[in-house]
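Several structures are given next for inspection.
One chain, chain A, links the two complexes that follow: it is found with chain B in the first and with chain C in the second.
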Partner chain A sequence: MLSQFLQFLFSGITVGAAYALAALGFTLIYNAPNVINFAQGEVIMLGGMLVFFFMQSGLPMPLAIVLAIAIPALVGIALEKLAIEPARDAEVVTLIIITIGASLVIRGLIQIWLGKGAHSYPAFSGSEPLHIGGATLLPQSLWVLGITALVVVALWYFFSRTLAGKAILATSCNPLAAQLVGIDTQWVLLVSFALSAALGAIGGVLLTPITLTSYDVGIMLGLKGFVAAVVGGLGSGLGAVLGGLLVGVIEAMAAGYISSAYKDAIPFILILFILFFMPRGIFGAKVTERV
Partner chain B sequence: MVKHSLLKIATTAAVAVGVSLSAFAADPIKIGSVLSVTGGAAFLGDPELKTLQLYVEKINKEGGVLGRQLQLVHYDDAGDASKANGFAKRLIDDDKVDIIVGGSTTGSTMSMVPLVEKAEIPFISLAGAVVIVEPVKKWVFKTPHTDRMAAEKVFTDMKARNLTKVALLAETSGFGMSGKKETEALAGKMGITLVANETYGPKDTDMTPQLTKIKGAAGVQAIFVFGFGQGPALVNKSYKQLGLSLPLYHAHGVASEEFIKLSGPAAEGVRLPAAALLVAGKLAANDPQKPVVTGYRKTYGDRYKEDVSTFGGHAYDGLMMAVEAFKRAGSTDKAKVRDAIEATKGYIGTGGKVTMSPTDHMGLDQSAFIMLEIKNGDWTIAK
Partner chain C sequence: MSILRRHHVLIILAAVLLLLPLVLPNNYYYDIVIRMAINAILVLGLNLLIGFAGQISLGHAGFVGIGAYASAILPTHFGWHPLLAMAAGATIASAIAAIVARPIFRLKGHYLAMATLGLGIITAIVIKNEAAYTGGPDGMPVVALALMGFEISGEKKWYWVLAVVLLFSFWAARNLIDSPFGRALRALHGSEVASQVMGVDVVRYKVAIFVLSAFFASLMGSVTAHYIGFVTPNIADFFHSIELVTMVVIGGMASIYGSLIGAILLTALPQALSTFEGWETVVFGAILMFCMIFMPRGLVPTLAQRFGGRESEGD
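On to the complex of A and B.
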């Protein structure tokens, strides 16, 4: 019984870590221009697909990974420069629609360039599962969890201890005031998009050996990541991670103990409950809007 | 004067004959097609369209059919059945095609059926489900194997190995759900007990919860997975991760080189039914299908630099059966062509040997499937 429970838990945590990484990207951009970037799922896909592509072209894995993180970051910058910046005076809804358009473009280009098939590459440290209490866990899952933890710590440090991070937070609180005290808000936007794209790509790079990748994996990851970000309270890094893990674990438990047919529905029902009682998510700041 | 006018008449006549001749030669046989080239079912429509284009071109180069060139008129329904209906209308009313070969998905096909039946135009579908030809519709035929045939083949193999308590793991896609329904209906009839019945989503990334549950099911002897695309490869990975040792079977939807590549070592020992096309190189030299499947593999591979899939093969069979029917009917008269398709006897295609009849508009039997086992990262014919 216990081994079964552990197996469901491991499965949930692994899948949940994937959602958590996607949720972190949403959080990061939401913090800057208060935009939900629906192209976030697409940069996750880019990370995995690019590693596959570069390794296939004969590059060693470490170099392929560096490129697969750097290129999506550039894509993030390009998205900001070419699509978001020209529309900076537009409503938030307009900006969100622009990001949806961008996601379609990225997905389409990859589909034409790298085809529609699914791809994978070897796990970082073998695929021999670890046995813990009668359950099994893939070494790659530990990579995902470990790096996710590192990323959370790094982000926390960046936002609370460095000037650049504080400048981003200040811009998200009040762009006009931030500008008045000398923060280059344009630069802040650019950094946010680059960072969140790089983050998403890291997620894609880590996950692909477990989940495989194809041009359309970003849709589901983006959606579940968004849910995780909302559950955690949009804007909170720790919340995003816990939200992701929560959605993943609930899904796995539902599949294991109730019915695999309802496993996608049950987390969403629970999430509705959570949001009903805690409309700002579990870790969302208590904000009062002044009228 | 007389001479002059004679010459004039002669020239006019020559020109007239020339015109009518060229008009006759330029009047092509129109083959209509609605395929899901983009969208969720693109893995079906993409190789199907490539195959149709390639072979229409090839046939035309070799002189066409009945001395006329073939013309392919195709539309992309992007996997949307309601669009397929609109395009079918356009093919019939505006393009006035002579036959329709296509309908990548069962949904698209079924949305086109009423129009085709009403317009009385021969229609060869490339979609899988049994409903297309059961009950028999006068003008509708299909080339692919059905999911029921795949389940039957798997159960026959299981019984030969004394495996009767089976866990079913089906994908929540159209393909998987249709397969699940057929498998459930067939299990009782074939003396198989389904001791577990689980599902997974086509975009799921981890199937260990379902497999853990199956592992705990009382008396389970084998696992049968009904899915398509990357899901089944991930099932293999989860199966390996859990260290399961139950015999693992897949349906015919996964039979591609990519499946082995994606599963890696986790694919070892997996069994599945498939058409001969995938193991062309491994067929006996005297197998009647051998020249057909190796020929198609080579032609397609040379042109597109990618592996053939069973779906492209369905399109090949559809087109060739249409061409043969035109030849046997000696015209493009729709009723005659329909009768000719129904009279197809012993046609050797990529899907198997096809013998149609007024009660069977698919014409394939169990011999169309070969049970394969993956050994050392390659297909072998299971014994």
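On to the complex of A and C.
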């Protein structure tokens, strides 16, 4: 009984960590130019697919991983520079459509380049499972959790202790005021998109040895990351992390105890529930609307 | 304003629809035109919501799916008359829309986008999983639609049915926009606070337009199911929702005839792209981005402004 519960908990937290990274990416971009970036799921997919590709072409894993995080970051910069910036004054709906267009382009290119098959690569440090309380835990899950925790701490440091991080926060609070005190808001947007894409890619790189990847996994992962961001109250960093873990755990529990066929529906039932009863998210702050 | 001036685009549309069969060479082209008409009506309903109420629905295909599967399941498994099944589908879709919309519209921002996104995906998953009724991922056949012993089948009969429905929808939408209801909607999009101060019941209007567009979507889902004679879960999936929103935005938000243009272009696009083996998704996405960056207001409003004339359906 307990071992089963632990098993579900482990798999939930592992997937939840990847959702948390995706949710952080959403939050970052939502904070800066107030765009909901639907291409976020595709950079998660890119992360995994690129590691697979580079390892297949003979690069050592660490180098492949670095490239698989750097390239999506460049994709994020390109997206901001070429698509979001020229349309900056457009309505939110328009910006959302642009990011959806970008996600189609990325997915289509990967499908042509690497095909429709599912791919994977070996776990970072073997696949001999650990036994804890009757449940098994893959070493890769520890990697996922450990690196996610590191990333969260690094982000916290970046946003609260460095000038660059504070500049981004300031811009998200009030772009005009930020500009007036000399912050290069253009630069802030670029950094936000690069960082957000890198976060998503890290999630994809970490998760792929456990869940496999293919050109079309981005949509679901991205949407669930988005749900996690909303559950955490869009715009709150800590909320995004907790939201990700919560979505992962609830999904795993529901799949285990209720119905695995409806596993993918769980996050979306959750989001409806949250919107009905806790519209600011579970961890979101109360906001007063300005007219 | 004479009827002729007021409805001149509508009259042109009617003339085109009358003359089109003279130039359509075979059933393949009939099929494309029929799909364009179905999409145009769907997009019109969605545009009322996006363009006039300023709310985006990312799960509209879910409502289309509800209508399509009501028309597939109820006659096949329970022996309902197809018309009754169609009405049931539209009622269910409207009821779901109403239940969801009430709490959502009390919130500001793009919460409807998230709620409809969830709703659409849940609908698609239910359709895929309840294989005993829906045939699962493989889909299921749909009985033919018969009215008083007259069976609507074949591209030519469907063409005329949809031509009439299309004209009626555009006429109704125009009238709706010019009614007090439509003016309230436009005011709402302009400034929610201002319209509230003027006495517009903001939430009620938004809910009404959302329910109306869900109703439209479900009906057109039923029509699609009967026309094709087969339904698959693809009709309810996220990508279909995105396609519909894209048609609205490319044609032009808040532009009735933009809906028509958007539907025609994006229905024709996959046919034109089928020669680009494998590149369809990339080109589709690139066109989306390109249009939104350089013509954020959509084709019809942008072109109308460029060529001097004010948009025919403007104020």
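As a working rule, the second predicted complex is superposed on the first by the 281 of 291 C-alpha atoms of A that agree within 3 Å, B and C clash if a C-alpha of one lies under 4 Å from a C-alpha of the other, contacts with A are read in each partner's own complex, and residues count from 1 in each chain.
Keep in mind that, in the parts below, contacts are C-beta pairs under 8 Å (C-beta built on N, C-alpha and C of every residue); 3 or more make two chains touch, one makes a residue touch a chain.
Fair warning: this is a prediction, and the values are worked out from it, not measured in the lab.
Contact with chain C, but none with chain B, is seen for A:L272 once the two complexes are overlaid on the shared chain. Of the two partner chains placed by superposition, only chain B is touched by A:V15; chain C is not.
Of the two partners chain B and chain C, more chain A residues are in touch with C. Of the two partner chains placed by the overlay, only chain C lies in contact with A:S103; chain B stays clear of it. In the overlay built on the shared chain, the residue A:Q4 is in contact with chain B alone; chain C does not reach it. Once chain A of one complex is fitted onto chain A of the other, the partner contacts of A:D264 extend to both chain B and chain C. Shared interface residues of chain A (contacting chain B in one complex, chain C in the other): 219, 261, 264. Only residues 36, 83, 86-87, 90-98, 100-109, 111-112, 219, 223, 226-227, 230, 261-262, 264-265, 267-269, 271-272, 275-276, 279, 289, 291 of chain A touch chain C when the two sit together in their complex. Chain B meets chain A in the complex at residues 42-43, 46, 172, 198-201, 203, 205-206, 208-210, 212-213, 216, 229-230, 233-234, 237, 240-243, 258, 261-262, 264-265. Chain C contributes residues 50, 56, 100, 103-104, 107-108, 110-111, 113-115, 117-119, 121-122, 125-126, 129, 193, 238, 242, 245-246, 249, 253, 278-289, 292-294, 296 to its touches with chain A in the complex.
Chain contact summary for the complex, chain A toward chain B: residues 4, 7-8, 10-12, 14-15, 18, 116-120, 127, 129, 136, 138, 207, 210-212, 214, 217, 219-220, 252-253, 255-256, 260-261, 263-264.
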